[in-house]
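In what follows, structures are represented as structure tokens.
Each of the two complexes below includes chain A, the first together with chain B, the second together with chain C.
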Partner chain A sequence: MALTSNRVDVPVIVDESKCLDKCKACIEVCPLDVLAKNPDTGKAYMKYDECWFCLPCEKECPVGAITVQIPFLLR
Partner chain B sequence: MEIINLEVDFLVVGGGTAGCMAAVKAKQKSPDSSVLVLEKANIRRSGAIAMGMDGVNTAVIPGNSTPEQYVREITIANDGILDQSAVHKTGLLGFDVIQELEEWGVKFQKDNEGKYDLKQVHRVGKYVLPMPEGKDLKKILSRQVKRNKIKVINRVMATRVLTQNGRAIGITGLDVRSGEMYVIKSKAILLCTGACGRLGLPASGYLYGTYENPTNAGDGYSMAYQAGAKLSNIECFQINPLIKDYNGPACAYVASPFGAYTANASGNRFISCDYWSGQMMLEVWRELNSGQGPVHLKMYHLDESTISEIETILFDNERPSRERFHAGRGENYRRDGVEMNISEIGLCSGHSASGVQVDEFMRTSIPGLYAAGDMANVPHNYMIGAFVSGRVAAEHAMDYIKDIDHGDVDSDFVNTEKERLLAPLNNPNGIPHTQVEYKLRRFVNDYLQPPKSPKNMKIGLEKFIDYKNVIDELGARDPHELMRCMEIHFIRDCAEMAAKASLYRTESRWGLYHYRLDFPNRNDEEWMCNTIIKKSLDNNEMTIFKEDLKPYLFDVNLNEEKYDVSVA
Partner chain C sequence: MKFNQSLQSEIDLLDEEVQEMVEMLSSDDEGDRLVAAVNLQQECDEDTIPFLIHALEDSSSSVQLIAVTTLWEMANAKAVLPLLECINSKRDKKVSDEACSALKELINQDHLLKLLDYLESEDDLQINYVLILLRKIHDVQALPSISPYLSSENKNIRKEAVITLRYLNQLTHFTPANTLADDPDQEVRKETMLTLGNFREDCIVPILCNSLENDESWEVRRNAAIALEMHGDNSSAKSLSSAISDLHWQVRKFSMRALTKVLSEEYLGEIVKLLCDDYSDVRKEAAIALGLLGSKKAIPSLKQSLDDADIEVRIQSQKALEKLNV
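Up next, the complex of A and B:
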């Protein structure tokens, strides 16, 4: 099976200058489990483009590092 | 794949609205029993009410309405097909639930005299109770689960119900982060995994741009079916009038008590009642097909302070991202109507009336297996119905388990399930779940979206059955992708049931939900009954048959009392 990785515009943006290395709040609350820490940087990022634009991640972030955009196809 | 074995007295599968309430009630009734909540996400923010709710849709409050009036209203709205005793429970216990939630810190709207401020949205009675400050509902519930010292396992998805001699004795599950398998024995099991929200494909093409929380993929519908439980009236789809593209409620329930209404392109009313029913959906469909679209929620005729009050509620609760959706499009309620569209199909008894067949104690047809919330067929049950059914199931189950021992797990069954879970992981370069799911759900749109045509549904049914072969080609590279792959099994089961049931009921009923072009009329003589789907134990084939309705508690004359919401 031939696989390719396509570029996609993902809805969740993390401000890496604000994101706390020791925190995992957004990752823990996301109902779709689509956020993760980048092992290289220790910062949160959207690992899977499967978002309900529901906002718990944004609401629970202690430092306001997360912005959820409406996914491009709906925007 | 490691296997983790556990044993509990009562297992709640799905820690959402119904599940959190069920766990608390079980523990309160029987403090010495072990109660476990198994949750695919994290109960703090999971399910339909992850971001709260802006109102109670089915509140029967003394002085405003009675349980009997409520049962009559739902009987008529659902064209007579229901078990009144189960719906009656929602009417009888809803007030109690509301008071208890209030003690826990949930706020409901009161008038100047401190009385519950109910609004009329239904055709006859007042059952809508606003919760403008409802945004923390799920946090409050999960706090109660913690306070009652109930064990919770987050990020484990149940995959199958274990049975022994026709009795439910446990479940299998998948840790969606570590990839470990769970085998959990329990004396009684409550399935409350919500709706099948990922059945049709949203018009936007985004797989997760659904009305329902997309975590709810029909897991419980499928697990109950595979275990041999009865499901009823699956042809009665969930279809909602939603904000176009955004796919969330435009929310006439919130806005109409303030004077907003659903209007056609000319800005005129075309429905007399904003309550979501199949009949209302049919009127929307007709309007759109008469050149009078788009349909929109009209607020631009209201004054500034009213509009900002509506905005405060809608932008803070339930689906708060709608504010940025409108902002991105430069839309403003002072000037623009909220453009609406007819949603893709789903299955949900919270809004409509299809699901796992239950009695008034939320027992399924399998001993030891209960169902509650959106997946249990108690018509139009909404949030309070989910709380009530969770509580009723838990309280009944705690009596049931008293004289029962744990069953014996069939190791062959567990091994087969392990193989099923391993298949996509063993094929990491197989077809990605996104593509396999997209095509399946596009077929659902192509062949099942009402109005329904017989030949289309037949082609659909064949395609869904054949799709088992496509599912065999799925590939997963990590436990998260594996979760999505296993959800496609659930969605496929639901699609097959939806096609099978829609073909079987050769009449039209529930407005657009089951509008057949070849049988456009309701036929009470032949079809005032449930249609039941069940897996045959002999050959594992899907069977379907009629079953009589339970006798009504309250007589309703359905020939005189028609649910007509068109504006003449």
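Up next, the complex of A and C:
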């Protein structure tokens, strides 16, 4: 899988001000394992740009920190 | 929120990994408690139920919400009474809604008396939720407790109460519900029509006919037609034959459908006119009715309908003609 080079331009956007350091809910539910914790900040981010737009990460986040940007043609 | 002594002693019986999560549930930091609740949700361990029930009283509504969802997923009867404590206006609306959804799957006949206790409340929202939950039990014993809410000042409660009536087994008539056909609120009247459709009492058909002819809301008139279809009473034929010329297509459609139950050749002219209705649903119902009516006079009109723009109308016209041996 392609590592994401530019973290602003990925479909899964994590609001770092809300993301909880100890929480791994989104990482656990992602069927493609594309999310990971940034070891520096403790916040989740999209490590691999391979999203299926299935949305459990957005739904399971207890603080609503995740937004999945679904491409126009899939809406 | 700290655990009481009995819960503290239960922690020692848990797996080490789960113990850590459970201890986090009593942390002062809201984030930690949220993480603990999410982890317990993923763990889905039945031994953690007492701690999740404890989390229902958390100061954070987000923690409460995850606890409710987790208890719902575990589907354990122990959670019913604590969840009943969550369906009131003191809680966040999201938490109450989630608890109500969970309870819909968890409650059974054994909880009837407890539900009736909760129904006697000053809290309108709690009454609403309990009325919804009573539909899952279907027990006519609830009728005396539901009855006072038919005349509640709150229109939502009146609406939920009249809906609940139609879910009660063996209930064939209940006169106080009939008066709601003239309720000032349109939603209440709408639901009353469907409830009356399930009742069997001589005075109900005239009430439904009156609403079908005179109610200002098309939705109420439509539901009155649906209810009259359930009754299939010959005395409603006259009202239904006028209602098939209603201004709203849904009223015409459902009146037409109800009229098929009480068909008579005197309505042939009115029904044939509906083969040219603007709405295909209405034309389809008219074609079905003409097939059932079995009058040869309808044959030319049905033949014309074989060229209808809508395939369903064409199919039903063809079937009607076959019934007429054409």
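General remarks:
Simple rule for what comes next: the second predicted complex is superposed on the first by the 62 of 75 C-alpha atoms of A that agree within 3 Å, B and C clash if a C-alpha of one lies under 4 Å from a C-alpha of the other, contacts with A are read in each partner's own complex, and residues count from 1 in each chain.
By our rule, a residue touches a chain if its C-beta (ideal position, glycine included) is under 8 Å from a C-beta of that chain, and two chains touch if they have at least 3 such contacts.
Every value quoted in this text rests on a predicted model; they were computed, and no experiment measured them.
By the touch criterion defined above, A:F53 lies against chain B but remains apart from chain C after alignment on the C-alpha atoms of chain A. Of the two partner chains placed by the overlay, neither chain B nor chain C lies in contact with A:A44.
More residues of chain A lie in touch with B than with the remaining chain of the pair chain B and chain C. Once chain A of one complex is fitted onto chain A of the other, the partner contacts of A:P31 are limited to chain B, with no touch recorded for chain C. In the superposition on chain A, A:I66 contacts neither chain B nor chain C.
In the superposition on chain A, A:L20 makes contact with chain C only, not with chain B. In the superposed model, A:V12 lies in contact with neither chain B nor chain C.
Comparing which residues of chain A touch chain B with which touch chain C, the overlap comprises 28, 60.
Across the complex, chain A meets chain C through its residues 20-23, 25, 28, 60, 62-63. For chain A in complex with chain B, the residues that touch the partner chain are 1, 3, 28-33, 47-48, 50-56, 59-60, 68-71, 73-75. Of all residues in chain B, those touching chain A in their complex are 41-42, 44-47, 50-51, 155, 176-177, 204-210, 213-215, 245-247, 319-321, 324-325, 328-329, 429-432, 475, 480, 483-484. Those residues of chain C lying in contact with chain A across their complex are 31-32, 34-35, 37-38, 42, 62, 66.
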